[in-house]
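Multiple structures are listed underneath, in structure tokens.
Both complexes below contain subunit A, partnered by subunit B and then by subunit C.
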Partner chain A sequence: MTPVIRIKELTKSYGAFTALDRLTLDIAKGEVFGFLGHNGAGKTTTIHILTSLLRPTTGSADIMGADVVTGSMVSRGHIGYVPENVRLYETLTARENLIFFGELSGVQEAGSRALEVLELLECPDLERKKIFEMSKGQRQRIGLAQAILHKPSVLFLDEPTSGLDPLGIRQLRNLITKLNQQQDMTIFMNTHLISEVSKTCTSIGVLNRGKLVYQAGIDEVMMRFGNDRALEDFYLSVVPGKAA
Partner chain B sequence: MGSVSFASAARKSAALSLKLTYRDRTVVLLVAFFLVMVLVAAYLGWSATNTVNAIYEKALPVLQAQGKTVPANPVGDTPPLSLFRNMVTYVALLGGLASLVLGYQTVSVDRKQGVVPLTASRPVSVKALAAGKIAALSFIIIAVLGISASINVLTLLMLPGISFPASDLGGLATFYGGSALYMLGFALLGAWSAARFESESLALLVPVTAWLTMTFIVPQVTANIGPMAALNPMSANIVPPQSAFFDFTSAVLGPLSIAEAYRFLAASSLQVMTGAGTSTTSASALFTLVAACLVTGALYLRAATTLDKSRSAYRD
Partner chain C sequence: MTNQLKPVWILAAKDLADARRTKILLVLSGFLTLAGLVSLAVAAAAQKADYLTYIEARDLLVSLGKPIADLVEPMFFPLKLLRGFIEHIEIIGGIIGIVLGYRAAAVERGNATLQLVLTRPLSDAQFILGKLLGNGIVIAAGLSATFLIASLALYAIGGIGLGFDSYGRLGITLMAATLYVGIFFMLGLLFALTFRKLPSALLAAFAVWLALVLVAPQIGDTLDPDNQVAGGIFRTLNIAKPQEIEILKTFATYETVRDGIEQASPAKHFERLSFAILGIKDTYLGMPIAQIMQERIHDLWWLIGVFTALAGILLLRPLNPTRLIKEN
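Take a look at the complex of A and B:
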């Protein structure tokens, strides 16, 4: 099967510092891919390149066959993106934000689609609420809503559970599973929470100082390590030392 | 979903900018203050004319009783548009500064609220979004000046003893056209700075310094016009001192000074030029203002395109 995300020898350098070092990775359609690594390992840099926010120094990547540099207008049409600590226009309501971002993604009838998505995310009551009046968890939902409004094939989530309380984390986990199974979205999720990976992902990759040091399907991982604790021990063994 | 056309993305961006500006109290207050000053300028013109009329009416019977020659009412000799010369000061000071803030705010809001990664990861051209912001800035400036012009026309029509010939509409249109270009130039300067610098305070300080330099320092260097006199449209009548220094500075910096160009255009269109003054012509003044808008517009588009979308937040 042709991978939905194909990354080949991707490198990003800032002067002498190499943030991403010849990363090669394929993600198949329908996967929920958990990208693990310490802070500064290069996970966000990878997402920034895949969402065309950043140009790689060398190497290439494509989304659904469209190169993220030379065909970025096409590749960007296939993706949805939720940055870490998602921010939206504070003085606008959820509906106004969703309509704007939806229309920028070419959504027709963005108003009715916005309500549809808010219902899918079980928060239609937030429609008329301004962003500055919302809690962290509510903002995260609207952030997710803006990313899936246009029914993207691939959804990028950068540390989606960051700052959420346990209930918020559980709700988000359920939403990710729902989007993957009901909307047929391929999900690429940056995280450093081992417990989230084992509960949500279908495959994982571990990044250490810009290099991919491990990649496997979650079944294989769980068969090999058995539980979260063992997986955590393994993770710490492949990414030793201080976080960058 | 495919990519969104340039025109469509620009329209969405313009509509959003207008909405955000409307909800930004600081900008709305600045615009409201500007309009209040327009009313003040209209009142001052109306009040001064009324005072002269009242004095003339009182003096008339006295002069007639004394059998002296009665001179014509001086109000009748005053070019009607010259009553709005205070407007030049308000546009140069308040209009310029409000436009800077407006341009800065329209662009910096995306960086301050952290939405650049969300817009930049959409299938739209960054230039289209920036063009939309330019359209929104132009719309706001034209709307504000349109209201100002309406207030001016109404004032003229209500003034006793003042006739407002239709031919003066051209002068008023030229004045407001020049004012729009002047304000848009500063709005685009603010927009460029908001997109260009990594520090928020620097992004606001740089265009304000440029505005201060253009408005107060360049006229002094090129024509020995003092900082306060530089705001007065009558200073367009001042002939630069004859010296090698002023010959050189006015030749080199003169064409770059949009404040001087604006003052000249305003003075000639509001009929306060006495015929003396600099070698500037209305055409060259207009050219300077248009060129300033084109240059600042191009700088803004470039800054918006080259902004690092992955690290767009200000660092302070």
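Take a look at the complex of A and C:
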């Protein structure tokens, strides 16, 4: 299958510190890719480079064939991004935020599309609510809504379940699956929760100190490890040491 | 609207809605208006007292038998009352510009919304243009409201109505004020988009404001030989203009340095232009607008030049997302 995300020898250094070390990775269309790693492993740096927020020191990456550095105006049109602890314009309502981000992404009739997306995410009641009045879970939904308004081919989620309660986590997991299956979105998800990976992802990669130490399809992973506990043991064996 | 300009307007409209919602425009221009009105009230009261003194003196002379036709009617120049108002724009307007500029970037950085905006298919220049347009409208609208209130106050407090010529002069001053506040807006924005730490950006912007608005003009004024005696040393000593020029030639280097310090200040250029146009400086009292503009056009060009240079730096300098999002 044609990769929608191609990463080749990607390196990001800050002086003597190497945050990402020659990462090479292909993500095929329709995958839900779980990027596992301790805090500080380089997962967010990877997403920041793929969303053109950061420039790599060396190496290259492209989204749907558009280079994230030289063709960033094109590659950004293909992506949606939900940062960890998503924060929107607090004084604006959900609808106003969505119209703003939708219009910036070139969405025609952003108002009606906003409502459509809120219904898809099962939260049309949030339309007129201001962001500062919302719970963490509600904000996360609006954050997800702003990322999919323009029907991107690839959706980047950075620790999407961070700070959510068990119910919020389950709802978000269902939404991710829905977006992947119904909207045909390829999803690249950073996480450090093994349980999320086994329940949501179709393939995984494990990053340790900027280096990709393991990559496999979820079927292969589950066949090899059988359950979350065994996978967790394996993860801790390839990513040793204290979390940053 | 072309595809290139659409994102610019979307960003500008968002900043306008934000300014309206957070009432920042109302608070800042309200503060400037209040300060201006106080100075205007004081000046108008002083002028009214002068006028009453004249009436008393005139009535006394008439009662002593002096023909009223022999008495020269005093001339009042209402725009002269705006001296304090202009000085407030110099000081408070600069602060308002910095606060708006800093806020335009700091709110996005602090809220981490900049990350979301910068992952959209828009160029750095479109982002900056959107900020300049939205906040430019906020500044122009705020100053227009302040000038309108000041002109109404001239009538309400001093009982002096303004003619067409006076409104023309106010219009030119408003344009210069918008450029002036715009310069400080761009300074605040540039620093807030450049510095690693936001508080450092604000401190640096205020350090520049202090140097340009308070220190440089003060040094220039204090070192001016003509300012050593109230009313002007040359005038007090009855030294004619050609002699004054001859005397000043012997202080050419000193005068170049002193004038250079003054010239570095946008506040001084705004003040010189406004004081001339409004007739606050006696030399220009009653002079036609066209003639004043001919004499003081370099002040306007200076303001336009700095404004354009800062806009150019902002538009041409690529944004550094690494720095802008790292703090979060």
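One rule holds for everything that comes next: the second predicted complex is superposed on the first by the 243 of 244 C-alpha atoms of A that agree within 3 Å, B and C clash if a C-alpha of one lies under 4 Å from a C-alpha of the other, contacts with A are read in each partner's own complex, and residues count from 1 in each chain.
To be clear about the criterion, a contact is a pair of C-beta atoms (placed from the backbone, for glycine too) under 8 Å apart; a residue touches a chain by one contact, two chains touch by 3 or more.
In this text the structure is predicted, and so the values were computed from the model without any measurement.
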item: Room on subunit A for both subunit B and subunit C (clash or fit); value: clash
item: Touching partner for A:T51 - first (subunit B), second (subunit C), both, neither; value: both
item: Partner chain(s) touched by A:I5 [first = subunit B, second = subunit C, both, neither]; value: neither
item: Partner chain(s) touched by A:K151 [first = subunit B, second = subunit C, both, neither]; value: first
item: Contacts of A:R87 with subunit B and subunit C, given as first, second, both or neither; value: both
item: First (subunit B), second (subunit C), both or neither touched by A:V107; value: first
item: Partner chain(s) touched by A:M73 [first = subunit B, second = subunit C, both, neither]; value: both
item: Residues of subunit A contacting subunit B in one complex and subunit C in the other; value: 48, 51-54, 73-74, 76-77, 79, 81, 83, 85-92, 96, 100-101, 103-106, 146
item: In the complex with subunit A, residue positions of subunit C that touch it; value: 3, 6-7, 10-11, 14, 17-18, 21-22, 111-113, 115-123, 321-322, 325
item: Subunit C-facing residues of subunit A, complex; value: 48, 51-55, 73-74, 76-77, 79, 81, 83, 85-92, 96, 100-101, 103-106, 146
item: Residue ranges of subunit A in contact with subunit B within the complex; value: 48, 51-54, 73-74, 76-77, 79, 81, 83, 85-92, 96, 100-101, 103-107, 146, 150-152
item: Touch list for subunit B against partner subunit A, complex; value: 1-4, 8-9, 12, 16, 19-20, 23-24, 109, 113-115, 117-125, 308-310
